[in-house]
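Look for chain A in each of the two complexes below; its partner is chain B in the first and chain C in the second.
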Partner chain A sequence: MKALRKFLDNIKPHVQPGGKFEKFHSTFDAFETFLFVPDTVTHKGSHIRDAIDLKRTMSVVVIALIPALLFGMYNVGYWHFASLGKEVTFMQTFIFGFFKVLPLVIVSYVSGLGVEFIFAQIRGHEVNEGFLVSGMLIPLVMPVDVPLWMVAVATIFAVTIGKEAFGGTGMNIFNPALLARAFIFFAYPAKITGDYIWTAGLSGGTGIVDGFSGATPLGLASAGQMDKIPAINELLLGFIPGSIGETSKIAILIGAVILLVTGIGSWRIMLSGLLGGLIMTLIFNAAGANAYMELSPMTQILMGSFLFGIVFMATDPVTAAQTKRGKWIYGFLVGMFAIMIRVFNPAYPEGTMLAILLMNAFAPLIDHYVIEANISKRLKRATKASNL
Partner chain B sequence: MSKVYKIKQGLDIKLAGEAERTLTEFTATNVALKPTDFIGVFPKLLVQEGDIVKAGDPVFCDKAHPEVIFTSPVHGKVVEIVRGPKRILLEIKIELLNSKAFTEFGKANPSELRREEVISKMLQSGVWPMIRQRPYSVIANPEDNPGAIFISGFDTAPLAPDYDFIVHGQGDVFQTGIEALRKLTSGKVYLNLPDGTVNSKVLTNTKGVEINHFSGPHPAGNVGTQIARLRPINKGDIIWYLRPQEVIIIGRLFAEGKYNAERIIALTGSEVRMPRYFKVPGGVGIKRLLAGNVNESNVRYISGNVLTGTRLDPNGFLGFYDSQITVIPEGNYHEFLGWSMPRFHKHSFSKSYFSWLTPRKRFVADTNLNGGVRALVMTGQFEQVFPFDIYPSQLLKSIIYNDIDEMEKLGIYEVDEEDFALCEYIDTSKTEIQSIVRQGLNSLRAEMS
Partner chain C sequence: MSEDKNTKEPMFSAKIAKILTRPFNLENPITVQVLGICSALAVTVQMKPAIVMALSVTVVTAFSNLIISTLRNTIPSRIRIIVQLVVVAALVIIVDQVLKAYVYDISKKLSVFVGLIITNCILMGRLEAFAMAQKPWPSFVDGIGNGIGYGMILITVGFFRELLGSGKIFGIDVVPQFLYDAGYVSNGLMILPPMALITIGVIIWLQRSKNRELIDKS
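Up next is the complex of A and B:
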């Protein structure tokens, strides 16, 4: 460790402004602060500071995503071999999935962080840690057979147009990971919808066992094949086709617990999102106009990426509503719209992504009205006091 | 009409080095007046190096309000006038003489005086600057008639001094001080006390005030929190406030006829060997006070508490309003992969480090920033330590983009930097929030005058 510190101290003068490699100032900084918490001390204001920083916050979210990632890897292998009708060991299944998913993770991080580093250097900022989470979310919301170059293009688009164009971390309006998914969704719809892309190798189509469909529960639901939707326990455990991270609700709930215990994810958004989804389903149940509307609340909540979206995407502090009351409203509407879009719109089997992006756009408006209420309360108090 | 107000939002930071309740008399040799202690004051010097001043003799005054004078807390000789960049006046150092001579202001019973007489006595003797006003947290303007006067009778900040212990045996002068304050407002004088703990009778037996009790974590003891519950400030309102020790000094002026700026301070912090209470003159030099009692290498000296105090150099002096000196280790070290460690030894408001498993532990906090400055990302955190009906992040942002209207609407009159200290402490993005709030208050004040 001391040798490492010495090594860094030797390089440091060269990358400082005025040094030979000053272009790499931000990059060096990012690596240095990754290895060592800086020796900066407080100057103004509070003399002591909380141990938390953005690196810790973001790494907690990444840790919360790990169960979903690991299960996703296993599930990729599971469906691949199921489609081929082969019996393999647990490790073989996992290793197949691991090598299928890892490239997606790497491509997402390399392309996204590349853009982040470039912008940090141009702006003279330190590199913000926000992308550590986005970079993990992007592969988890993709189908396994999505081409790698598409992930790279989508990530670069999401980070450049969705985030840096608005001023960088903390200023973006839309969740970057969802923007990346939406980009592929609208630019290359064939690569992210349908029945074939959720199982590795299925679109290639050789050696597939007869009768294997590969359709996701949502695909089945929108096709009206309600009888084929897997049972509740299968939806819960996650041995179903789907985007890599979304299938196991158990893994997602472990992540949710981590976010809630550490206080990093907003429980208000998670709870109100769940309530919104449940209430929408109950309303549909009462109306009962078609078979999709009659699906039980439990099935609706456990299908697709509803829980994944509510736990990991809707809670993004930057793009969600920021006030307490605003978070309740925002989460509730995300939940309602996710179910509504899914049921009403046959062109979009998955409503969660669109619901969250839509509410991202409305979050500032929700906050505006919540804050206006606070302001008018203050004005009323002042008028009352002056009339005394 | 005593009531208990429960403060829910807040945070008690438990640090090592609480002062033991024993009082030591300290014979000071030097003190200083620091014009920088007073926000918005442009000092005009009234002494020269070499002058002999008695306790209560003018040292400097405020150019904008020449009637507000600042007087020497001791009988001594002006030995040095320290100026900083742009000739800004930093310190007027006074070395004590062996004799204790006071300028005589005459004893008087404040209840028998008229308001103007009380004010002029307080102005002449230099106790007036002890009274500050909200909004802006500047010295009160003697021409104003405040809506109320607030005294917070306890302090909930980390390692804060125990006023219960400090005021012990000073009940009579405290009551005299209260009588003087009652003359200054047509409204009420509020004395706010903690809930539950046994008080020495001094504070609970105070007459002529409205006593209210506050329970809950820091900042329950901050006057800003208390004002917000009892008499929230609207645009145009003025409220004056002070601490019990200042009331006692004002009381002594009327009871003894002299400016006796002696106060009891708590010497605290993990780097103090024997943290305890000392009786010292106002503005005392800390070097001799701390000699032999601190681990001297690589520490930070703070006048006040760790959240809002002023940094001192080892030869520095106690701040005018402070009743506490804190010494903590500096944090100028690199921590290998620190952000990824469990960190049982570092306090955090979030539960992302495992130190939350030991809530009773007293932490040794150092001055490391614990991370780099980042954009504001997290939301909903400030609200958990900010017991006001105000949206803190939105108010801060309105200050950053300097929109005076927006600041007013969002409630800036109700707060000062002290109220935001905990937000600054827990902030993930390491923003200098207290400076931002002060900047907002300053631009608002400039706009209003």
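Up next is the complex of A and C:
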């Protein structure tokens, strides 16, 4: 650690303004603050500086994602060997999944951070840390068999168009990770929908066990095969095919607890999102027009990426609503639309991604009206008081 | 601009050249004035329709500018929009008939968008802003310039959408087969209208980062 500090201190004078490598100031700064707590102090006036800056905030989210990631790796191996009908040890399963998922993580980070660094250099500001989380989220929302170059293209698109065009971290209107997924979803639909892409090596593989389908619970539901949907406890544990990070609800809940305890994720959005999903399901249950509508609320909530989206994506502090009341409305609508899209539209088996992107677009409007309502309420109270 | 009837302008002066080239960059109808966006989104999936559309708009803008500019002193200002529309509509019908006669399949691809040139904001904009107050020759040149400015963007967008969306240029495959064998897939999103909007957005972004005076003050 000391050697590292010394190394950085040696470089530091050269990259400060006026130094030889002044151009690389932002790059250096990014690494320095990532490795050590920045020693920036306030010079003027009295401000309270929290020790937790954006980088630490993002690191906590990444830590919260680790359980889902680890389980995702195991699940990848589990389904791969299940499709081949092989019995293997726990470690073999995990290691297979590890080497399947790791390239996705690396590609996502390298391409995304590459764009971030390039823009930081061009614009001469420090590298924004927002991508630390997005880079982890992107592989978690992908099917395991997605080609790596697609991940790279989608990540570059999401960071450039979704984030840098709007001014970088904190300015983006859409969640970059979801944008990357939506990009692949619309640009290369064959690689992100269907029954064959969720298990490593299933499409075009040889030696697949007879009768192995690889369909996700959502795929089964939209195909009308309600009796084949796994039981609640399987959905909860996560031994189901699906995107890498979304399958184990327990891992997601561990992440949710980390986010809630540290106060980084908004409990209002998570709770209202859950409520929105539950209420929509109950409305569908009451209507009961088809088998999909009659699915129990528990199954609906645990299927697909609903929980993953609500916990990690809807709560993105930049793209979510900012006001307290706005958060309730925003989360509630995310939950409602997620269930609504998946039940009504067979072309989109999973609605969570589209629901969150839609509500991302509406979040500023919600905030605007919440603030306006508050202003007019207080004005009314003030005029009433002055009239007395 | 004031009209000076006594001095005779030469046919190709520096002023005329400026009128012609202004819409290419700093007064581009699509990226700067943000006019005529709808057709730019609709007909840019492939290069061929984009080029035909660009030509049609150029012809219609140039000649409607010319005709309106010749008539400008006789048009009563209260009914000028109607007169302009009649002229534009007549020209659009001629263009439409020509397209139907000579390039029928492209005309079918362009479908209503040729007819919709009538409502293209670039036309009305140039007629109102330029042709009503200028002599015929500068007006004609202005029409050509704006048509080309519009066409440049259309063709650029069409180029990228056709290349990335279907791997072709003018309907000819340009992406080599070994890339497909290696797992390359054409980007389906490029064919959808949102990507046309994003492509134009990127062009606007690049243009404004080069010409910083175009950036809106906020």
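Assorted remarks:
The rule is simple: the second predicted complex is superposed on the first by the 377 of 388 C-alpha atoms of A that agree within 3 Å, B and C clash if a C-alpha of one lies under 4 Å from a C-alpha of the other, contacts with A are read in each partner's own complex, and residues count from 1 in each chain.
One rule holds for everything that comes next: contacts are C-beta pairs under 8 Å (C-beta built on N, C-alpha and C of every residue); 3 or more make two chains touch, one makes a residue touch a chain.
Just so it is clear, the model here is predicted, and its values are computed rather than measured.
Contact with neither chain B nor chain C is seen for A:86 once the two complexes are overlaid on the shared chain. By the document's definition of touching, of the two partners only chain B reaches A:324; chain C does not.
By the touch criterion defined above, A:380 reaches neither chain B nor chain C.
The wider contact with chain A, measured as residues touched, comes from B rather than the other of chain B and chain C. Applying the stated contact rule after C-alpha superposition, one finds that A:123 touches neither chain B nor chain C. In the superposed model, A:188 lies in contact with chain C only, and not with chain B. By the touch criterion stated above, A:228 is placed in contact with neither chain B nor chain C. In the superposed model, A:371 makes contact with chain B only, not with chain C. Of all residues in chain B, those touching chain A in their complex are 13, 158, 232, 234-237, 300, 302, 306-309, 311, 326, 328, 330-340, 343, 346-353, 355, 365-380, 383, 389-391, 393-394, 409-411, 417, 421, 424-430, 432-435. Note for the complex: chain A touches chain C at residues 147, 149-150, 153, 161, 165, 183, 186-191.
Partner chain A is touched in their complex by these residues of chain C: 183-185, 187-190, 192, 198, 201-202, 205. By the touch rule above, chain A contacts chain B in their complex via residues 1, 4-5, 33-57, 59-60, 126, 128-130, 168-171, 261-264, 266, 268, 317-318, 320, 322-324, 327, 367, 371, 374-375, 377-379, 381-382, 385-386.
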